[in-house]
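Pasting in a structure now, in structure tokens, and then I'll have a few things to ask.
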Amino acid sequence: MSDIKFLVAFDRETCKGCGLCQSVCPENIILMDQEHVNGRGYHPAYIQDMEQCIGCQRCALICPDVVIRIEKIDAKEES
Amino acid sequence: MSDIKFLVAFDRETCKGCGLCQSVCPENIILMDQEHVNGRGYHPAYIQDMEQCIGCQRCALICPDVVIRIEKIDAKEES
Amino acid sequence: MAKVLMKGNEAIALAAIKAGCRYYFGYPITPQTELLEYMASELPKVGGVFVQAESEVAAINMVYGAAAAGGRVMTTTSSPGYALMQEGISYIAAAETPCVIVNISRGGPGLGNIQPAQSDYFQNTRGGGSGDYRLLIFAPASLQETVDLVQESFTLAQKYRMVVLISADGMLGQMMEPVDIKEVDSPEDEEKQWALTATEGKRPPRAIYSLYLDPVELEKANERLQANYEKVSKLEERYELLQMDDAQLVIVTYGSVSRIVKSAISLLAGEGIKVGLIRPISLWPFPKKAFEQIPDSAKGLLTVELSRGQMVDDVRIAAKGALPVHFYGRCGGMIPSPREIADEVKRILRGDKS
Amino acid sequence: MAKVLMKGNEAIALAAIKAGCRYYFGYPITPQTELLEYMASELPKVGGVFVQAESEVAAINMVYGAAAAGGRVMTTTSSPGYALMQEGISYIAAAETPCVIVNISRGGPGLGNIQPAQSDYFQNTRGGGSGDYRLLIFAPASLQETVDLVQESFTLAQKYRMVVLISADGMLGQMMEPVDIKEVDSPEDEEKQWALTATEGKRPPRAIYSLYLDPVELEKANERLQANYEKVSKLEERYELLQMDDAQLVIVTYGSVSRIVKSAISLLAGEGIKVGLIRPISLWPFPKKAFEQIPDSAKGLLTVELSRGQMVDDVRIAAKGALPVHFYGRCGGMIPSPREIADEVKRILRGDKS
Amino acid sequence: MKTEKIICAGFGGQGILSMGQLLAYAGMDEGKHVTWLPSYGPEMRGGTANCHVILSQEPIDSPIISQATTVVVMNLPSLRKFEPYLESGGLLLINSTLVKEESGRVDVRTLRVPATQCAIDLGRDEVANMVMLGALLALTDVVEPDSVIRSFDKAFEHTTPELSELDVQAMKLGESLIK
Amino acid sequence: MKTEKIICAGFGGQGILSMGQLLAYAGMDEGKHVTWLPSYGPEMRGGTANCHVILSQEPIDSPIISQATTVVVMNLPSLRKFEPYLESGGLLLINSTLVKEESGRVDVRTLRVPATQCAIDLGRDEVANMVMLGALLALTDVVEPDSVIRSFDKAFEHTTPELSELDVQAMKLGESLIK
Amino acid sequence: MTVLFEKTSGLTDEPTIYCPGCSHGIIQRLVAEVLDELGLMDSTIGVAAVGCSVLSYNYFNCDMLGAAHGRAPASATGIKRVHPGKMVFTYQGDGDLASIGTAEIIHAAVRGEKITAIFVNNAIYGMTGGQMAPTTLLGQKTSTSPDGRKAESAGMPIRMCEMLATLEGAAFVERVAVNTPAHIRSAKQAIRQAFKTQQAGQGFSIVEVLSSCPTNWKLTPVAAMQWVEDQMIPYYPLKNFRTPGEAR
Amino acid sequence: MTVLFEKTSGLTDEPTIYCPGCSHGIIQRLVAEVLDELGLMDSTIGVAAVGCSVLSYNYFNCDMLGAAHGRAPASATGIKRVHPGKMVFTYQGDGDLASIGTAEIIHAAVRGEKITAIFVNNAIYGMTGGQMAPTTLLGQKTSTSPDGRKAESAGMPIRMCEMLATLEGAAFVERVAVNTPAHIRSAKQAIRQAFKTQQAGQGFSIVEVLSSCPTNWKLTPVAAMQWVEDQMIPYYPLKNFRTPGEAR
């Protein structure tokens, strides 16, 4: 099983590619998709390595376009 | 010779009879002329006993209609 | 209610309250101030709200908010204050929020003076706000007519979702005359389907605004307004006619000065000169129909105003070039005497002046 | 100077500076803003003063002060901002202090949008201020005409001690077109005998105001204004005529939309339909003289506007009921195509619509 | 009764407007058509105040008087301003305490009443208007004195019994000067 | 030369207005009559921007184009909005990087240019407009490329030599795509 | 014989329309005296606001403009920018300056406009007959607060000097009164300093003068002066809030 | 699986017209979140001002009015007086609130109007393309201060909170920023307190939010956030100026 603890999802069509999320991510895992342009003309953000996400929500807090949704993958019961 | 040291003159036609001069005179020598009404319908102020005037100018300072003019009668040379 | 002797300004205020007006926002200005003062003292007694705004600009924008919130709301002012309200009025007209405004006009231009004058005709009827909007405008001549129209205005404002303007002048605002002010049944209005009342989770949110970035949308919004205006202009033309049969000349005049014109017409009747009267009561829609009743005997029209000829435009348009349109007016608070007006009529009939 | 390609707003600003304008007070509003911005960057370079006011209300009252002080002063705005200036304009007109105002109009009512529209015709020509005052109003159709009129406006404002208003819309403000902006000889104006410059002990104090508590005085002041307006209306009627001989219909149109009408007229000419054009350049005084030149061949008039028919009133008055007056207009930023206008002309000539 | 057109004029503060209102209320009380039109605004202070009162059996067109049946003046500027408004044969009442000058009109009935002096004698300058009104009522039948007294409450909204008493006294004094 | 009526449209920020201005300046440089009319205001951000450019030997009446000889679109909304404006037989230039869709018009000459991709390749999204302009000039004789280059200073007021260099490069790249 | 007090030549001979005992007359005299004494009368342009002092262009012996209600600071700005070397002042009431003209006075201060505002605070709209002003005291009865101003619906009275003093551009800000001879002397000092601030090009200056309105307060002139002392001064403390060069 | 962050139902799904990285979007989200969390969204009526946020009536999931430029506090007053039981807020830019609407915001505060003003200070006129605002910093280049704002002609930037805090009716006054996640958290707290102040009927409340305008500042969104930190916060200190119940 993967080590992903948090799921950070971007709505690629509403993202304006501003890069603010990228600038505040303490783990430096957010990148701008330079290859693609969405329907509104922007390079959307995406996460390179989800496993490194610490679920701090800094990206979501600063995103002006409410592009980001964050979920915590519940830890398996370890009994 | 009289003891008048100061000459306080009222322009009876511009006086509005407000009584402010009267209210501030430390010597209480200003009165309103209840007998007469000037062309604008007011009872003008006048001085009862000019000798008592100490030339403090309080009356002139407070008069809103610049009705009052004050002169000092120069003392006689006493040599 | 029995007739009472009241000052025009106070009678208007009382009439509004009795017509269910519960929100008033205004700013002092002579010769309208007693109206504001009456509201200040009486509205709170019936549970209404009086707010003295910081300016006429603020007042009209408070009216906008209160009207959008569904309140029965009024403001009143006088000429320079009315000028300051123009932007706000344009917003209110665009947003189709109903309200009543009273302009007790005075002499101009600029600060002018506080005497009666009708030189607000242009700003009343053509507005000073931008855009293709209209107000429903009444110009009463007596206090009784004034209070009746004020009361009806609240109904019409709701009905058409429109600004209704009462155009009067200092003479009507300041004079006393006996009036009978009715208690208007103002049943709780049916829930306004457009008003901002907060959703309370029961309906989708509403928005009231006048911005339409897309020209297609803005043109549509304008067409909706125009359709409404069309309807209003069909239904709400109002006027008084007097002595039109055989009239040699017809005087067109409105508001306070029409009372003096009536005296002049009596004077002339006494001298065997027949003069008719068209008195527009609605200034917009301008009562074009009245002009269809001008008798063939009439040699011309004479517009009499307390201004330098602002209604003349509307008279010319209504008369369609069929008759010469003369003008007589005084301004700046000067009021013509019946004699002066009668003399002017005679001059015109003699042909001294065209 | 050779022709340069400039945006309308910037060309107006440069033209004003070259005509000696040294004081500018304004507030940002689309589609006028580049004018303000140009002034901000260029006026200081020639020793002039640019002040961004806190609002349009403040801007027009700064203009009033600067004009009273004898400065060559201008302000510019767009529709809702112009509405806010109405009280101030009434003061300036009453005080007979010269200034130039440019209104780059947009869609309304209310906030509307920022696209070209001519629905400020009423607020431009009838004012929204109180009192019997008038502005001298020019409505240019090309950038060259605009800059020429702006420059002349400063001269005329001084000459008549009057407010001169340039009425243009977003199309003229925003488009680029080559213009030749002249260096106007603006010889130091002769000392203004009425301006507030401080007495310096050399003359009695002067006062500029518009309050006349006594109606007799206020009426006199009004008569002085009227006499001036009379003169202006005799001397300053301006218009362009096109193809009036044998015209079957005459289109009356002004400003930006007249350019499209011209294309439509060419289109129609191609189809063998002769349509004439009256293009008022001065909106006040409205060019009544132009209407004397309507050929007998004309079956009617068609007013074309970017509004819902505001100039129609003036056309009706000028036409004196002699011919039917039709109307075609779009609004809210919608611009008719030449084809649409041509079709409307054909409909009218077929008699489909009266 | 013929239509009465009365102009009252004087200094602001001399109770000119109330004098006129009393006439209007009284006229209404008697079932007449009435109008009252004041001058207003800052000219009331320092300058002069005046009002136009019309009482008639017929509906009234204009509330503005261009030909008065009666003119009451409480000071000199008012005399000069309003004597021309009086119709020939009309009644001119002058407050002789403040107006030493004579009227230029010889075609009217002129009466000089020392109203302000009477008021000073009564201890309150302000009731000069009531003295004048008393005189007017004694000279004409415009309204009954009793109708006026019945109207006190309406015209003087916040009056006290003492002041009302003084007003009546002043009115009677004015009447007595004539009778 | 016949009268050229060109509509350029795309996202705000894609340099649509400058593209149009360059054409206008160049046309003027060549002694033509020109007009340039932008869309303006907040729709420039987020929404679309467009401009109408007319170049003619004759004086120009209306600066608004109702029948275009050429339409240049940089994104999909612009294609949908402006393709109807194109006259039959006109030229339609599409930025194929961002517009995968086809035009519905079959009566016009359509050309797909991967302008944004070229610009990304050049290292600056912003020069996609110049790629497009290069293609346009290669396809028509509306103005000479040299006239456009001469107009750079006027249209890009605060440009740097490096940026100008890149602009020229992009234009040439656009031209080369056609030739 | 020495003249101790006489009418300043800064005033014309026009009689004022003010009510008897109204302190507008005192304040206007002080302004004229100061300008006269500083030798500035001839290089001054004044701006009269709309209010009881609306006719003050007839009273001051210098060039004067009659401004629109509340807009005197804007018009003064226009004048000052054309004639930066002249002295420009506004004379405004509290309805004018603290209500309809709020934006104009604040932004004149923000810009540090080199003009002097004489702000006559009489806690009421005098000219229009005694309506509530933003400066009307709590509980004070006016024609639009017939039961006395209530904080609940009309809020607390506004203190303009305290508010303006927060602005960097406001170089000289002081509140004075003219209800006693002593206060009148200090008031004159403040007015003098305000004009000197302007003369030195140090920024915007304003003197708020607590003034009486016996007519609309329905008090005798003498009682009105006492009301200023007892009611106004406690809420509107007499104080210098800003002087050029002093630390904030 | 637990949702840690998702879009509040206080916002509609309408995409905003804001430029990439513009912090208007953050502020508007915070307001919606707070109203949602307090359970007040359904009893709220908002007033959108004229500025880049002019379309915010499409974004907030509650009844909304589009006010005239600068007049939102007046229109909000009209609404609140009709519905005293509802929550009423304005959302205004600095051009709107601190320039043309100065009188309206001050007098809403003077009256202690029970409304909440969200004041988005981005030191510029965004909507009209980057002109100087009264809040523009000294030396800041804008299209109407092309050489940078100069104190000599345009004065010093206005600090609205400091000024409003002098008014008794202003019950809650705080300045916050949204340039970092930490600041965003505090900003949300302040907005919450402002609405609670209104809910408790304690008077007027305002939250000034320092906001970015990358487009008109000609900076990248990230650099713009840094500019807020480096340039704006030093001049506009983040601070609570008034809280109900606390001594002044």
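Note that the chains take the letters A, B, C, D, E, F, G and H in the order they are written out, and that residue 1 is the start of every chain.
The definition used in the following text is that a residue touches a chain if its C-beta (ideal position, glycine included) is under 8 Å from a C-beta of that chain, and two chains touch if they have at least 3 such contacts.
Only a predicted model underlies this, so the values are computations on that prediction, with no experimental measurement involved.
Student: Treat each pair of touching chains as one step and give the shortest count from chain B to chain D.
Tutor: Tracing touching chains, the least step count from chain B to chain D comes to 2.
Student: Count the C-beta pairs in contact for A-F and for D-F, then report the pair with the higher count.
Tutor: Spelling it out, more C-beta pairs touch across D-F than across the other pair.
Student: Measuring centre to centre with CA averages, how many angstrom lie between chain B and chain G?
Tutor: Chain centres of chain B and chain G, defined by C-alpha means, are spaced 28 Å apart.
Student: Suppose each chain is reduced to the average of its Cα coordinates; what separation in Å results between chain D and chain G?
Tutor: Roughly 39 Å separates the two chain centres.
Student: Using the average of all C-alpha atoms in each chain as its centre, how far is it in Å between chain B and chain F?
Tutor: 88
Student: Among the residues of chain F, which are close enough to touch at least two other chains?
Tutor: Residues 41-42, 46.
Student: For chain B, write out the residues touching at least two other chains, lowest number first.
Tutor: In chain B, residues 40 touch at least two other chains, as defined above.
Student: Where in chain G do residues touch two or more of the other chains?
Tutor: Chain G, residues with two or more chain partners: 15-16, 18-19, 54, 66, 68, 99-100, 102-103, 106-107, 111, 127, 134, 153-154.
Student: Can you check the complex and tell me which residues of chain E touch chain B?
Tutor: Result: residues 11, 13-14, 46, 75-76, 97-98, 116, 120 of chain E touch chain B.
Student: Touching chain C in the complex: which residues of chain E?
Tutor: 21, 24-25, 28, 33-38, 40-42, 60-64, 66, 154
Student: For the complex, which residues does chain G have touching chain H?
Tutor: 99-103, 106-107, 109-113, 134, 151-156, 158-159, 162-163, 166-169
Student: Over in the complex, which chain G residues touch chain D? Could you list them?
Tutor: 12, 42-45, 47-48, 54-55, 57-58, 60-68, 71, 74-83, 86-87, 103-104, 106-107, 111
Student: Show which residues of chain D lie in contact with chain F when the two form their complex.
Tutor: So the residues of chain D touching chain F come out as 3, 5, 30-31, 113-114, 170-171, 174-178, 259-260, 262-263, 266, 335, 337-339.
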